[in-house]
Amino acid sequence: MKAFVMKEIGRVGFTHKPVPQPGPNDAIVRTSRALICTSDSHTVGGGIGPRHDLTLGHEAVGVVAEVGSEVREFRPGDRVVVGAITPDWGDPASQAGHSSQSGGPLGGWKFSNTKDGVFAEYFHVNEADANMARIPDDVSDDAAVYCADMLSTGFMGAEHGDIPIGGTVAVLAQGPVGLMGTAGAKLRGAGLIIGVDAVPTRLKLAQTYGADEIVDFTREDVVERIEELTGGEGVDTAIEALGADATFQIAVRITKPGGTVSTIGYYGTGEYVHIPRVPWGVGMAEKTIATGLCPGGRLRLERLLRMLSAKRLDPTLMTTHIFAFDEMEQAFEVADKKLDDVVKVLVTF
Amino acid sequence: MKAFVMKEIGRVGFTHKPVPQPGPNDAIVRTSRALICTSDSHTVGGGIGPRHDLTLGHEAVGVVAEVGSEVREFRPGDRVVVGAITPDWGDPASQAGHSSQSGGPLGGWKFSNTKDGVFAEYFHVNEADANMARIPDDVSDDAAVYCADMLSTGFMGAEHGDIPIGGTVAVLAQGPVGLMGTAGAKLRGAGLIIGVDAVPTRLKLAQTYGADEIVDFTREDVVERIEELTGGEGVDTAIEALGADATFQIAVRITKPGGTVSTIGYYGTGEYVHIPRVPWGVGMAEKTIATGLCPGGRLRLERLLRMLSAKRLDPTLMTTHIFAFDEMEQAFEVADKKLDDVVKVLVTF
Amino acid sequence: MKAFVMKEIGRVGFTHKPVPQPGPNDAIVRTSRALICTSDSHTVGGGIGPRHDLTLGHEAVGVVAEVGSEVREFRPGDRVVVGAITPDWGDPASQAGHSSQSGGPLGGWKFSNTKDGVFAEYFHVNEADANMARIPDDVSDDAAVYCADMLSTGFMGAEHGDIPIGGTVAVLAQGPVGLMGTAGAKLRGAGLIIGVDAVPTRLKLAQTYGADEIVDFTREDVVERIEELTGGEGVDTAIEALGADATFQIAVRITKPGGTVSTIGYYGTGEYVHIPRVPWGVGMAEKTIATGLCPGGRLRLERLLRMLSAKRLDPTLMTTHIFAFDEMEQAFEVADKKLDDVVKVLVTF
Amino acid sequence: MKAFVMKEIGRVGFTHKPVPQPGPNDAIVRTSRALICTSDSHTVGGGIGPRHDLTLGHEAVGVVAEVGSEVREFRPGDRVVVGAITPDWGDPASQAGHSSQSGGPLGGWKFSNTKDGVFAEYFHVNEADANMARIPDDVSDDAAVYCADMLSTGFMGAEHGDIPIGGTVAVLAQGPVGLMGTAGAKLRGAGLIIGVDAVPTRLKLAQTYGADEIVDFTREDVVERIEELTGGEGVDTAIEALGADATFQIAVRITKPGGTVSTIGYYGTGEYVHIPRVPWGVGMAEKTIATGLCPGGRLRLERLLRMLSAKRLDPTLMTTHIFAFDEMEQAFEVADKKLDDVVKVLVTF
């Protein structure tokens, strides 16, 4: 089969691989739609170290082609979405409620990290009963594929942020994960949602997904503006959706005492991330810093799909570009270089 | 001043009383709008025992007339909403996070219970800095008055129900508190909200406030229908918004193992409320039963008002009747006897 | 192999069965120690319906005899304790944090319910990597076997009770699970622990495990005495460890507003369990009712074993009787009929 | 009256002041015992900026001398302990469960910060009903005074650390607050407690208060040793009890994915506190960072006093030095310069 791989650090392209085989608990899925993620660029850039001919991609839907002997919930022909994170559910970390950390730090992240990803005609799903979900008839592949990572990660930002009904929230960066953090804040009942970015199309989308106020950080001082919007108090919850030290520091500054900094980005550079000591209340202002990695699992996916069935939001508004799998090199370039005001690139198979 | 009182069990009417005086921490508010609540009927019916010339009512907005020497946050002329529940914030129960229980069981409930209520030209607010909130200019009195009890209690039903994003919720009874429970479920991100009642106008309002499905209990078996709607699983959260034993039992039945029964009604009769043993999983199915009494406090009120400013919902759709304070006897009869498809009666001063 | 079975409702005895075989994810364990539980009596009495030649027992330790092809963590010869509850960890209920409810209400309870139990020379463990734990060298089989159910269930009572440091706790019934509820309350930092029972040896053990005060319900009114001990307030947490309607009602009465009734018993009779309406604060006193079924899993078992390694408590004090497996009929009679002040019967293989 | 004050940055001494007068909600307490805290040194060193003749001290017990008109719970002659932190309980931050942040960041910290402290013959207590507790007859002043700050702050470290029964905990630094963090970890049911320090007397006390293992950071690499003690996993909870950047970084490193860094120290220097990026799982390992400031309030104090009544621990083991108030200058020097292996200095009045 055809697979789009990281050949080595900095270089991508097509190759051919055998169709994978399932173990007793696994499934093989024939890919129908996939999305390109910023982490694919991180990986190709060397973020997780060298890889050789590793298939890229972790966001996909498809049709079940084959299942292992112990799989009970799925049959060939089922239309499914698969989590970007596919935990080992019996692992102690999963038993502790941290399935994304099963098998070690970030261990639930297997696709295009510790095994081949989804940018291929077929891909392999471990613990299939637990790591994928059937797509309801009233949800399209084009929408369902957003459940794999974007909805799950973005909403997690709001969930970890412990937002009270009527609370105040700032979402720093309005890329696709930040946009879903904005949507998540709305879904948890925030009373004031402030979206921060600089790209006009993203700020526009932020408003569509729930931002009551937008702040263009190239035009305004973010800390000052958010203090102004919150009567000098700061926000109950700051969602950091970029993974940048500077943004993290802003998040700590704008969070009120007793509030939460919920960070959902991948911090890719630097030896340290810096907590500004005095704004952090010299370690005594009860500003909690929460982090996380995209929750996976059938239950999570089913709940996210239910939100699409119920038309609570339309993630396909983020699809700015569509390519066929054969055009993957071009597609990857658009996503990687953030060409043409790209938000999200959908790949069809 | 003129006050509308419970003269004795079963009898209401106007009387005259002196305008109340504030202690050092208190305020006196000149009433501008009030709502009549089912609990007022309970009280008049003898639900909390005999009372003599007790001013009724606990949901009101008004203008600050006078403040005590220690009040820092408010000044005469401020337009404010006052919580139906006005806790003692220094009490150990408040320090434990259960302010509605300060001073003893349900001790935060003072209006028309342990002191005069709000159906009068003026009323007294204990710990004024902590128990009222300034109304923003963009929120009308007619809307703000719903924050005192209806929004706070209804939303609490959803909050105590621990609803996950995409979770399933049934709200049993769509009176004003149940309607706000329905709205609350939507605000917390439920993926399927089932509203149960029998009155067509209430079921219609339920849909407006967020119910994806409605069940008319006079036409369908509620347990069967909800099992059908949830694929046989039951709901993550059942909100019991009536305070009736029969409804409570249904709530236990329709909740899935690991789910929550969140009950927000006043159980007015019977020696016992009955948990059906086997549907409760013989005490081992991890179906939590949570209860509560309307959260009060400035912070809560400010957050609820923010939801109105942000136009997250419009509670005035529940106002089916409007009377002047002089017509209070007629107003009370409409509410008490549930005449004319009443949902909520607004009283103007 | 030899197995001690429920032949039909009301009748037990030995039989012979083939040694079980593991599926890919399973293990077979050669039994070395087992404990008899009150639920074994419930089962024989018909509590879960008719069974034919079902092997009894769910609390055991042993040595791994064989493992399936997918098992990674264990090898033949490993000395292990197996949870009484052996969940399906990939099930949505487990993903929601309610593994004991995987596969349906109480679905994690498989031993001597939906498959053969542990009163046999060998027994079968599903998802072996996730459902058993290696026993450290410094913990004896005689002690480790208590982790399977007694410690896990009893401690759960304290955990669900949400006990604050310095909080007040009453534990109703001091059978082995209640004793471990008492120990659990001590381990969570309760400041006043009240143990209730009537059997002198149990009350004595309650004091050993942490009860500051004991109440003999045959000599004192429990509600009055607990009110007296708590200055009229009631307790923060009442742990109901019997599974009886009358005890449950006491639990609701003695819990303060805002407190928690944590119930860990199996309610075996009656159509309803009764909540006393007025002591429950007419459904508004924020007295939460929490239930649960013994948490299983490797992580849980490892943590419990760590408590034994660290000598935090000695569960073998509860072993009042020891029998060889050949004497199982006599052993079962002692446990079943509660002869001779029995607390817990240990069976050696 | 005589008061021991900070005359200016770097200079302390006695002065005379008038006895304070209570407002309607306040009390005046005649001091009987006080403890000197490291924060007193921070303050004198200029940590919170310049002060002129500010009375120092925030840990004290005494006898009520006078109460305001609105005080209900206390009368002159009552023997009381007063919280180091005396929140405004009606403030929105308190209503949100963050009373230490009432009135702004760390706003509950009033003594020797925004008003005179307790190193005087009399001191003033705001919201007296809510901020002090009667000392039971079976608890000495010498013990009760530890409830004001040491027990409350140290235990908070364990509470915020979300320690599961049988969990693993490291407590970094075994000064008095760290020792109470160690005791708190024991009280929450940790299964392995590792105490880190370098002073032999402190490590010895750590063992007395519950440390199963001690690590002398001058002899061993802390990170390596803790990994070894936890089988390479790291701890569930790291309590940072020093307020130093280097120790904080160790805390992040030794915490397992999904675990919690609970920091209770005052970070006194540097523009930033540094999170090591990769050990933090590039912001995705679900290592929560929690902070806090000593919980105050009558409920908290009563619960802590109950722990002393019940003899759960003996804080007076930390009293290495006792001075009379007249010897305050000498006493302060011992504490400030950490002379003579001092742990805690008690001052008698």
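Details
In order of appearance the chains are A, B, C and D, and numbering begins at 1 in each one.
The working rule: a contact is a pair of C-beta atoms (placed from the backbone, for glycine too) under 8 Å apart; a residue touches a chain by one contact, two chains touch by 3 or more.
Note that the coordinates shown come from a computational prediction; the quantities given were computed from them, not determined experimentally.
Across B-D and A-D, the chain pair carrying more C-beta contacts is A-D.
By residue number, over half of the contacts seen at C-D repeat in one listed pair from A-B, A-C or B-C, namely A-B. Computed centre separation for the pair subunit A/subunit D is 40 angstrom, with centres defined by C-alpha atoms. Counting partner chains per residue, subunit B has residues 96-97, 164, 300, 302 touching two or more of them. If touching chains are joined by edges, the resulting network of the protein chains shown connects every chain directly with every other. Interface residues of subunit D facing subunit A in the complex, by the touch rule stated above, are 93, 96-98, 100-101, 104-107, 164, 243, 257-258, 263-268, 270-277, 280-293. Here subunit B touches subunit A in the complex through residues 155, 158-159, 164-168, 184, 187-189, 191-192, 212, 300, 302-307, 309-310, 312, going by the rule given at the top. On the subunit A side of its complex with subunit C, the touching residues are 23-25, 69-70, 89-92, 94-97, 99, 127, 129-131, 297-300, 302.
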